[in-house]
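Input: a single structure, listed below in structure tokens.
Here the chain labels run A, B, C and D in written order, and each chain numbers its own residues starting at 1.
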């Protein structure tokens, strides 16, 4: 096998696997297939947790998981070969650096659960492995170019986000403390300490309001009403700033794109 | 009956029934009446589901439904005649195409339930037919010209909507998986699998928070609090972008309209 | 008593009572006192409903209510005299028109409850009269000039408000119908008809989510999750448009005011 | 000890303790340490309320609290010395004025709880003292320069905030009154007076919706639905205006900062 053939194969791999290296619009055929497989693997991983389904088809789930693991292992190896085309990861040292890069670790996490789960019967560990299988979905993130714009938008608003998050956290603390003062004697189980009151506070300030824990004393209700009214704006603010940052980032990208199109 | 008379009748029908063909402002008299009848038919369909009312006046409900079906059938036939005025649906082939267009199918759905329900005593089918009767309300959509502006606005923001919807879906999956890890042993009925945990996740991330299902373990509550805080922004974002898109579309229309008025 | 003296008194009344006629900034001394009395009367009316307080001081509440009624009656008569200064309500016919104007009716409602309640012992009627006493608070609205700007802002966005309100109403209907289809057999008491399902739908689409009524079937939960996600944006939209309209109105006023100040 | 040495020490203290006097970017080393100690002291104060932790390590908590109190007392004394550098608080009269300034009182509150708690065994008092310990977190506010911009932004929108807060309060009153009319006979404990109905109203209008108190009569549910729909926009408005004011303030600061950078 001569070098030019090998390097031709490497270049083809790189073009197919690295989204920014694909000359056409959208995704390369191989990436499209990987995309579908990632989604399918996640659906299977979710369905597998439902014991009624799992008991029904243990073998089918095993075979599917084996198949996905083989495909993603092949993909991992091909990416390791292809990355040599990228000057940033050239040579042996570059490969080592690539293996410890964010996306490569995520790729590895897509393969490991199956291997680890083979020898394990610990229930909680198995559940965590299933979570890791679903985390494979995050690999789809590599295929979109939106991350840079988003992280830049968040970075531009870091001061606002820090201050409003701090204020929201302070509201959470104050709310928990006030309810602890008012309700600790009446409901020691749920308001007996400030950390215990956090559960109620988070449910209230995010306006979720499960109602499994509620103040019963008059003072507790007055504090609860006050913190609800004062705190909701505070907790909504980081979310609002984040949303505005995302919209800005998208619109800036849209403007840039339309300017590039003549 | 000579052709000119027939074509005069067809033109009058078209003018009265097709909102964009009406020369004056607002709706034509016939469309105003149809509007009222659609609303009335929906109110009747809703009232009919209340068994206490229905048992009280079975005949009245039957007669009203018969009346609405007759009127809407007449309307359907007249629209079929009138649509020949529209060059897009001219000729026999055009008529066939019209019959399978979105609004014509919706019109047909307004007539069918009564006929189907005559021979049926299946409870669930009858309920679905009632839903179809209420869907008649969607026919009011034909009378407004807002759809084009709205769908254009949504289309312009398709990238933002896709990415934020994806992120919201990912938050839903992660949240369900984490709660499944923490709570599956304690509450197998409600958190025993990831699909089962979806119900809790949707109620939490949309901040509805029924409280019929809540985490009880400390770890589950920590995960719940984290996902509540992190996820709320994510789920609110598609809604926010959609709202912004709608406002833009309306303001662009308003500006265009005021520019046209000299 | 000569005419000039009487007309001088009338002019003084008008200046003191009509906010737009007061030459200085802010409110006239008489209006400030009325403002305080309206708030005090509302606080008393609210406290009176609490039977533990009411039983404790029946006479005090009676005397206070008598006092407020006398003051507001005097105010009503003085306003009736003063309004003659306003060319819009001049002469006897003008007075009659004034008596039937929005604010004059509201003023009358501030006096009536006491008189009506004297001869009545019907519990529900007494409760409605207490509500009317609290409605007095709405009289404060006359003292602010914000109404015109607000109503203009709402009027400018009437199309958006109508369409989004219509869409929200449609979402409410669809959601109720779907839950009725899924849950009517299992929970006839709460989902047995579409009007009954409204209570759940309103609580869900506004994200209040009391949890007193929740779907229990799988199909019902799937429908509930779908409508929660799809509907929340729809219900939030009219509120968002209203908020934007208010902000616009305030900023336009602020700009106008700052332009007037040289 | 000669005067120049003393005044040199005073100047060094001022530079280290007063954020605006520090020549470099960010915080001075001393302020960084104080920052960490404030956070640590708050974490300890929160952990101490959890009786399971507290019983485990009474002495450790006592020693830590003693340590924090000593450090913050030293800081208080040094700040009292250093403030002489500030022309606004020069001389003995200036020192007195400083002692009664907002931040100095907050500093004092950081020291007092430990001293007061030494001689006290009253449970509620001890809880309030713990709250005061957590309030120390508010001292972090001195270290940021964001307050001026924020308070200016709030001040610029004071009219909008007043009117929307008034409208939200009016919605709260109306909602409570209506539910009181509808539900007082059925649920006297929770809707028996308007103040009692406040708890339900606050939970509904903020969309928290605990569900511990819900209307059960048809009329009550109709009123509840109406007020939910009408009121949510009203309650969300002050929060929205506040959020917009904050965003404006931050963006104005960001623009000013970037203009200063050449």
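The rule is simple: a contact is a pair of C-beta atoms (placed from the backbone, for glycine too) under 8 Å apart; a residue touches a chain by one contact, two chains touch by 3 or more.
A quick note: this is a predicted structure, and the numbers were derived from the prediction, not measured.
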Selected pair, greater C-beta contact count between A-B and A-C: A-B
Shared interface numbering between chain C and chain B [over half = same, under half = different]: different
Where chain A and chain B are represented by their mean Cα positions, the distance between them in whole Å: 32
Euclidean distance of C-alpha centroids - chain A vs chain C, Å: 46
Contacts with 2+ other chains: residues of chain C: 207-211
Complex contact set, residues of chain C against chain B: 157, 159-160, 163-164, 166, 170, 173-174, 177-178, 180-181, 184-185, 192-196, 204, 207-211, 214, 221, 224-225, 228-229, 232-233, 236-237, 240-241, 244
Chain D partner contacts - residues on chain C that touch it in the complex: 42, 46-47, 49-51, 123-124, 127-128, 130-131, 134-135, 137-138, 140, 144, 146, 198-199, 202-203, 206-212, 235, 238-239, 242-243, 246-247, 250, 254
Interface residues, chain B side, partner chain D - complex: 207-211
